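Each in structure tokens, the structures are laid out below.
The following pair of complexes shares a single chain, chain A, combined with chain B in the former and chain C in the latter.
Let's turn to the complex of A and B:
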């Protein structure tokens, strides 16, 4: 965006005097250079705090850096060894699969559908009901992640709230965190994340002009048709942005899973962030853990590109 | 034109200011010397905090202008080791004196985190009081001393006598083989179905503890004995041994017959607190393998004070597989104090370490934390032998104890052992499969040259 504004647009020029022309273009490039100056601090900060860590992570993943031992103070460059080891590690495909399942089910499908449905219902509901329901849902989102994770742990654990409620109706619940770790963390993430989608969709729905839906109603469109042909296309941009945000958030989600299951049992809920943490800090292999983090970075970047493309698509 | 230049200049000025603010935070506070002390302090482990709090007062009184800054870490052993290793990457955050596990010591010395103490101990009068094993525990791969032992420990079977009596077993109980353990567990299961008969930790949940208080008692009691994990003659890791498979099979029996905790309980990192705090005092657990420090939780002022433990509990050596020599198995570890290589005041740091480990302080720490003394003058002190009724039993186990191979890659291999036991108790692999997966993983870590097949 900034680049488009600042680069002098190539204009067809009548070159009467080549001397003057080059002088002018020189002056113009000088002007644009001076105009760039206020951006310098921002670009500098971006380089230090965004590009820096990315380059650092790329470099770290090509070394045998470790928490302890000789490689802690004197890491060696080992090329792509960490990556070849990673792609041969049976844990890697499993973690990728669990990460995909976790992101798709808990964020892309459940949070979007639930968030949108809640937003639609809240728009229809009377103010008092809306306020009460809204508060309850948003409470999960306001809680610090670590607190939310402990709440979810207390809910799903062996003697937790869920099993106590089940025992009231005479059911003997399993140890959810042990027998169904992925189900438990997915449910916890839906609970925690739905509020975010809901709030954004609510804001977007409020911006849909009532005249248009009313016009559709007069044309004889029913509720479902109005939603599919009028409302959804009008908030398409919001949906894409929200999807991008929650996908990226969920891909790198760590605290919730780590507190609830620690990635276990037997790595059955070890998503990529948990795997990276375990390899780097539990097994002291910083280089290998960084390689996993770099792969996550690439996956996140790929998703972002897809979504940004979708955002750029011509508006209708 | 002039305006844009002004904007440019002010932007540069702002950028420079941001840079300056970032730097000024790291100024030093006053001219006082500060010693940073890092160690573990949890609800269940306060002995070290007690020790350092009292040493801090004495040390500050004896050294004008020195401030001792205690930095306790509330976390598991593994979390503490990670935090310590991370803090040692920079002189800004590295502690001056810290609590260091003997298993991490060699690799940390190799990493250059630890100060070489050879010159310091040579001039330290108390050094001759330490026994040779304790001195060796603080040595690095190069033979230099990098840390001083705080005390050591052994492991035994701790069992509740009333439960064993109710199952018709003779007390004091003296198992002579693995089969005796299974027989006793079966008898308890029949007579007291609500009691967990015999627990052996396993899996990655309890970390290194699941090996020290579990699998190694089995493995080191098999045919290869002390060389069952790491062959000391060839300095190679053992693969393909029948003892490894047998040990996993015993574990499989213990868990599949429901003699031990449920797998979900065993994988809970905090389960040991329940074992000490609830299960033994309430009589819902028959026996478990635990360290010589066990009484420290139950004494007056301990985390789970239970004064009746002296009459209720018994301790006995873990038997070898078929009762072969030497008739018992124990594991020893122990923690040390070390000085950071990046310390700005190494002399003061060593003085602090020496004060924390002098006779008086070592005695009160060993007594409070039920440690096995490594100083001759402490071991000879009447209050040490009288600290709890089990001191003699657990100190005798030093005769049959084993130390872990303290190589730089030990920690990674320890995790592979934990993974193998976790696969067994969760039922995700048979003993043969888990042993094969372990062999492959070990070869992946140390290379084909680093393993020796004993199959």
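Let's turn to the complex of A and C:
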């Protein structure tokens, strides 16, 4: 036990000797500093490329930085002008609303409900049917986002597969991307995202001990009751964390919407990430785009804190 | 148990397609019914999910493809041979490969290094650090792309592949560190203690003992990061400007912008070529280490 002098020992801070001299404690703090050296590359990269942009985001949103011209090389401090402009811009509340609708409908409601139902159905259904359908659903999820976006574009366009199917039953469908852009991107996101929740819920349902549901069954609880009062409460934790996770992912979704509709027609599917991109790079107003990004960051941070609390709640 | 029947939840479970008949018996007929319902609904959902995918596959083999789904009149590889040119496919795919492999390697190495002290030593600094990392995993990357662009202009890193790799690695580090620490925690410490007694340094113990033991975990992290980097569109779209440096995601997008409304079949073929590596890798992984569950478990924390 006395051999813990220079070589790193596994639990040094646990065995704290109250009698130790200051020389020894200084060496100890030096050792613990040396031990943290392997963290340096990670901290460096994250400071430069993650913390840096966040801090810049707060400052840059207070300037008139732009892509070209004088304001590109020497941006001026303009205070909260970008934010006043943002809150006065009718596009902003519309984008917030569209982002909320997109996230709420496609992630919170549809992906959770569909993912959970799929996981439950897989438990009931024939093994082979479950495996084949599971593969199809996961396939949509594995596809690179840009490919998924093209596939969805082809599916919903005027001459696309959806209208082809509708014409079989004698309906003449519109160009969904133009007439119902939000509906199209929401459906596309459900199609692409269902697999993620499905897999997590499958894993969670597998962890529910069968004795418990069996006990409820013997007590006379029907299928629906067992689900509501036994199974769902047992996987409540997973539901909360998955919900937060997909909410965070969906809030910042860019590629799918950008490729399918480009935010149009006339900004009718411009969610916040698309708006920030357009303002910053199309209209080369980096400062204004950064202000939108900062708002998104604040929303994301708020959700993250809720998520982390939900994650740790039952463990502590 | 019957007390739970008080209607605390007013809404009927619209989410359960498991609408079995009122009879409470658990006898065979009702069970068979519910299995039938489950199979039928799964097949319907599966068909809806399959439709858009089938367009991709059919159109890529069809020289006269449109946006409609139909079985090609004759199986043709013309679309593939048309897009398999150096500047259209090979160079962008090569760029994609370089970017995603480097990102995965750098991320995994740095994450393992960082996970070691976090997992092996108790320090006051660990807990806040892990919370910061967890917070970083939630960070919406698209939200910081505008400031990242400004940062890259300031650092003169715009249109540089190494710069893009560094950013991709940094943005996947929080998840990777989190996963690496969890995997490393499950490697018992007793073996390293033996090595320490024999005089091995911490880094040597990490290299020769811990890393070989957490190989499956390392595979999960690498593949996770590789997937994210391979499929990423927005980051290279903002940070890489010259076509010779752009990965396949961008070149597909430009191709679509130029010929998307004419060359449907070629677009589908190109998309398929780009998607095949990740599909193949996924199939390999899910055979090897219980893919989806390992990934889901890692995400679940």
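Going forward, the second predicted complex is superposed on the first by the 258 of 316 C-alpha atoms of A that agree within 3 Å, B and C clash if a C-alpha of one lies under 4 Å from a C-alpha of the other, contacts with A are read in each partner's own complex, and residues count from 1 in each chain.
Here, a contact is a pair of C-beta atoms (placed from the backbone, for glycine too) under 8 Å apart; a residue touches a chain by one contact, two chains touch by 3 or more.
In this text, all values refer to a predicted model and were calculated from it rather than measured experimentally.
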item	value
Touching partner for A:102 - first (chain B), second (chain C), both, neither	neither
Touching partner for A:38 - first (chain B), second (chain C), both, neither	both
Which of chain B and chain C A:175 touches, first, second, both or neither	first
Touching partner for A:266 - first (chain B), second (chain C), both, neither	first
Superposition-derived comparison: chain B or chain C, residues of chain A touched	C
Chain B versus chain C as contact partner of A:281, first or second or both or neither	both
Chain A positions touched by chain B in one structure and by chain C in the second	35, 38, 41, 45, 281
Residue ranges of chain C touching chain A (in the complex, touch as defined)	1-2, 4-5, 9, 13-20, 24, 26, 34-35, 37-39, 41-43, 45-46, 48-53, 55-56, 59, 66-69, 110-111, 113-114, 116-118, 120-123, 125, 129, 131, 134-136, 138-151, 166-167, 169-171, 173-174, 177, 189, 192-193, 196-197, 199, 201-203, 227, 230-234, 238, 249, 252-253, 256, 260, 264, 267-268, 271-272, 274-275, 278-279, 282, 292-293, 295-297, 299-301
Touching residues (chain side chain A, partner chain B) in the complex	31, 34-35, 37-38, 40-41, 44-45, 66-73, 158, 175, 177-178, 262, 264-266, 281-285
For the chain B and chain A complex, residues of the former touching the latter	4-5, 7-8, 11-12, 14-15, 18, 78, 82, 85-86, 89, 104, 107-108, 110-113, 203-205, 263-264, 267, 269, 408-409, 411-412, 415, 422-423, 426, 428
Chain C partner contacts - residues on chain A that touch it in the complex	3, 7-14, 32, 35-36, 38-39, 41-43, 45-46, 48-50, 52-54, 56-57, 60, 65, 113-114, 116-118, 120-122, 124-126, 129-130, 132-133, 136-140, 142-147, 150-152, 154-155, 157, 159-161, 164-165, 191, 194, 199-200, 202-204, 216-217, 219-225, 227-229, 238, 241, 245, 248, 251-255, 259, 273, 276-277, 280-281, 286, 289-290, 292-293, 296-297, 300-301, 303-305, 307-308, 311
